[in-house]
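Shared between the two complexes below is chain A, which pairs with chain B and chain C, respectively.
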Partner chain A sequence: MDLFLQTLANALIQSGTYALASAGLALAVGVLHIVNFAHGEFLMVGAFVAYWLSVLAGIDPIVSLVPAGAVMFAAGGVIYQASIRRVLLAPELNALLLTFGIGITLQNLAVLAFGATPRVVHTAYQLTAVTLGPVSVGVAPLITLVVSVTLLAGMYAVLYRTGIGKSIRAVAQNRTGAHLVGLDVDRIYLITFGIASALAAIAGAMVLVRIGASPHMGFGFVLKAFAIIVMAGLGNLTGVLWASLVLATAEAFVRTYVPGGGGAAEAVFFLLIFFTLVWRSWRAA
Partner chain B sequence: MNKLAVVLVVVALLAMAGTEGMAQREQVRIGISLPLTGPASASGKAAEAGYRLALDEINKAGGVLGSRLQIFIEDDGNLPAKGVPIFTKFVTVDRVHAITGIFGSAIGVSIVGPAKLHEPLIAMLGAASPLVERGFEGYKYLFHYHPWAYHNMEAVFNFMDFVRTGTGASTIAILYEDGPFGSAGVGDTRAELIKRGFDVPFMESFKSGSGDFTALLSRAKRHPVDVLFWIGFDADALPIAVQSREVGFKPRLIFGTPASWPIGFEGNPVARDVSGMAGWTSASPLAASKEFVKKYQAKYGSLSEEYMAPMGFVTLTTLAAAMNKAGTTDKDRVAAELAKTDAETPLGKLRFKPSRLTPSVYQGFDSDLWMVFQFRDGRRVPVWPKSMAAGPLAWRWR
Partner chain C sequence: MRWVGPAALVVALLVPLAPAGGYQQYVVQVATFVLINAAVALAWDIQARTGQLSLASAAFFGLGAYAYTMAALRGVPLPVAFLLGPLVAGAVSLGLGVVTLRLQGLYFAIATLAFAEVVKVVFKELPLDLTGGAVGLTAPPLLGGHQTGLYYLGLGVLLLVVAASLAVRHTRLHYAFTAIRQGELTARVLGVRVVRTKLLAFVMSAALTGMVGAYATSRLFFVIPEDTFGIGLSVTALATAIFGGVYTTAGPVLGAIILRILEEGLRLVLREGYLAVYGVILMLVILYLPGGLVSLWNRRSRDAAGGG
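Coming up: the complex of A and B.
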């Protein structure tokens, strides 16, 4: 029973990281209708921004999530203006290849600039855990979970309670209609892509404490984030939380209870994508 | 007619003399294949630094066979798809007199065919898989400097014996990455540890770089193990150290065997007393090592903790010395001189002997190369073997 409870706690904690890493991808898919395969590299950039702020200025990664988000918001805006906006009306494959190329470029630039070896920071709370009966969880992932839920709640509030949120939803629902009623669609896309990029960077700053920063860290996250948004329903921001929980729980239980599950857990997201798509097809038929 | 014959003979003799003179002045060229990009680049760049340091020293001392030594360094990315063309280019385009580098076992296996076709002299600094050793069966020109994988495991077992006799440790949990590096021979490792009196109640694979070890460590926590032995890569070091504490898993020793460690890990409190295996540390008490450290700092203004730095240095200096002793670039004569190498190096004594599985291959360092260190006060402190130890093994946590 102790192991079962610990496994549930591990899953809950990990779901916070997954939700944070997926939120930006869900936003980009939901509003711009592109699957941004550079999302993982945006996360990597956030991790490196937080890393260098920690090393050079002694700023805690939790504090760094603000500058990391700001840097990637601006960089995301530049990337959108320079490339993404030019393929929005082209066939979906173009955007897919473009973002994949952006990701590869960022990854290789990071290798050139920082080398491939992972880099780690240290914080006081890295060594701290909270124990509740038989369950023990780290303070760092607990903070990530809180940040994740807070940010998603904040995003939900922005989308449903503010003018810009309504504009974003309007553009997401019907680009032409939104344009006809006078909304600046291009500007909305720019802001949305910036926010999505910033969310990836914030996720990077948060995972830095537990796994470090390296040029190759983003790819695994983007695959899992993709599985999460498929489960949540493409573009469904509110579904990201429960989908993250489903993925994290499935992985934790495979790792804990399936022999050889430590390696096999990394294939769980493939299975979830498969079953989700089959189930949706079956339901639609 | 006689005059013409005399003139022709003189011209021919002059031409031969000229050719011989040119041959004597011909620059010795050595091709070096290293992973300068990709996941193994930390080791590749360290080796490159060692090679360049050696090159400076060799050329300052007069070069090889009276000329400055020339090296060609190519980035193989640790990928056979790059390593094989680079190897072929060295032989056919650059026409090198020897090839060195070759860090990854996959490349080591992949070049067996081209090597047997062209038969160059090879001074291999990495590639620990016995598959490489088997592949080069019958090959006369391979000098393998790095210990083979079975030497590495012998060192691990010897260290574990030291831990058991010194502390009474009796239980080990094993985590291994599920790729060729971690999973090859892990069953034999477990069997050998059991044979040596250990109980191994928990052994599980993981995907390197996944970053989430909480479930596995939660499972390991159910067994009160003395030692956590993990076989993986640098990206796994921090998550294992951090998440052990998160889930309350407290083995008395965490011992890992990645080829390199993350940047900044030394200074992190979670790394305190985490132990690892290395072919060398800058704190090594060997005189040749201290000399190497001094030269390295003078050239680069910093210190390397990667054992591939002295490995690159040793490989090139011994190869150049053998060429100078042979007085020629003829590979048979250079190989004969290299086989006689008996040198005090930063990594310890280097002598070549017939390799265990494939006696035609010359083997340099063996299990004696390895030492175990613990991260302490931001440094790597050698704790085993006793002859290299700069401090006692810290046995903590419970």
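Coming up: the complex of A and C.
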């Protein structure tokens, strides 16, 4: 029973990281209909900003969420202005490959600048854990979960309670209609892409605390994030939470209860997505 | 432009005879990798013409590679083992296609990506004496590993893919593929058997990719799950096709020649991080030359590919 509860706790904690890494991607896909292959590299940039702030200025990575997010918000805006906005009306494939090019470029610039060796930070709370009855949870993963839930709730509040949020939802639903009623579609896209980029960077700072930073860290996350937003249904933010939870739970239980399940857990994630998609398509037909 | 194809073929045939001094082996090696990249990219392009964005190239490449290696290690004659590559990849793609080809756009892309990742893990986790686990297997070389011989075999493999591409291009299939890409509903109304045609394109592409996998393994002499099934191969395939010019026969081949040579050159200059330049070039092509490189020398062909 204790093992069961511990596994459940691990799953819940891990789902926080997944949801955080996927939220920005879900926003970009839902509003701009852009599949951002560079999302993982935005995450990587956030991790390195937090890393350098920690090394050079002694700032805790958790505090660095704010500057990391701000840097990537600005960088995302610049990238949108310089490239993304020019392929919005082109075939899906072009946008996909453009962001892929952005991703390769960022990744290799990071290799040139920092080398391929992973970097880690040391914080006081990294090795501590809190114990709740039979369950023990690391403080760093717990903070990640709290940040993740807070940000997603905040994003939900912005989208449903504020003027800019309403504009974003309007543009997501119907670009032409929104344009006709006088919304500046291009500006809303710019802001949305900036927010999505900032969310990636914040996820990166949290991953830095838990695992570390390296130029190649992004790709694994972006693969899983794609899978999660597709399972959630494109652009469905609440669905991202559920999909993250389901997948993290499946992974955690296979890892705990299947002998030698460490490797198989990786496959369970994608197997689940595969069958969800196939099941959905056959039911719809 | 009818002379371009034959001229390219003559140049390709002459590569091992080029006066490259002490670098002869290196030139043939790079040229061989150009052939492999071109064949995978063109095979990807064939199914892309039906509007399906597949990210499973690596799965079929890997299945072909493992089918060849596992059969050859068990004493199956090498030419037969080689043929198992396309057969296994084609058979698996038939099953995969039947269950996934109803999916649209990104959903199809992710389903194929998920499939490739699962296959990779399965090959890593199967019993060691079967697949060699995470370390992989050593593959017996075709033609005794003779480099020039293998180069010509690679050229033969690429020519087969080119032949398949031209066959699609110059038959009624071309209209069926294009119609489906531009709108499935309209295609159905026009009498195209949509699912059957998509399946044909998918299986054809997968079998060709499996053949390239078997060939590449006989050239590389090993299979490793992380590399042989790596998502990088799928992404390179579509990047190469789009860079050169999608929905054409010449585009993916041209893309492979330029990108591979560029990559080799950059690797010599910058030992690490050289792919940054590759990324920038990719971005520039998509922003300023969305029809790919082939649209430079033949604007009409670009229009025909993009619009019709």
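Of note:
The rule is simple: the second predicted complex is superposed on the first by the 285 of 285 C-alpha atoms of A that agree within 3 Å, B and C clash if a C-alpha of one lies under 4 Å from a C-alpha of the other, contacts with A are read in each partner's own complex, and residues count from 1 in each chain.
Simple rule for what comes next: contacts are C-beta pairs under 8 Å (C-beta built on N, C-alpha and C of every residue); 3 or more make two chains touch, one makes a residue touch a chain.
Please read all numbers here as calculations on a predicted model, not as lab measurements.
Once the two complexes are overlaid on the shared chain, A:A243 sits clear of chain B and of chain C alike.
Looking at the shared chain after the overlay, A:A116 reaches both chain B and chain C. Judged by the touch definition given at the top, the superposed model places A:G263 against both chain B and chain C. In the superposition on chain A, A:L190 makes contact with neither chain B nor chain C. By the touch criterion defined above, A:L12 reaches neither chain B nor chain C. In the superposition on chain A, A:I273 contacts chain C only, with no contact to chain B. Looking at the shared chain after the overlay, A:A227 reaches chain C, while chain B stays out of its contact range. In the superposition on chain A, A:L93 makes contact with chain C only, while chain B stays out of contact range.
Shared interface residues of chain A (contacting chain B in one complex, chain C in the other): 111, 115-116, 260, 263, 266. Contacts from chain C toward chain A in the complex involve residues 48, 53, 99-100, 102-103, 105-107, 110-111, 113-115, 117-118, 121-122, 124-125, 231, 235, 238-239, 242, 246, 270, 272-276, 278-283, 286-287, 290.
Contact residues of chain A toward chain B in the complex are 3, 6-7, 10, 13-14, 55, 111, 115-122, 126-127, 129, 131, 136-138, 140-141, 207, 209-212, 214, 216-217, 220, 251-252, 255-256, 260-263, 265-266.
Remark: chain A residues 29, 35, 83, 86-87, 90, 92-94, 96-98, 100-112, 115-116, 219, 223, 226-227, 230, 234, 260, 263-264, 266-267, 270-271, 273-274, 277-278, 281-282, 284-285 touch chain C in the complex. The touching residues of chain B, counted against chain A in their complex, run 37-42, 45, 175, 178, 204-207, 209-212, 214-216, 218-219, 221-222, 234-235, 237-239, 242-243, 245-248, 260, 262-265, 267-270.
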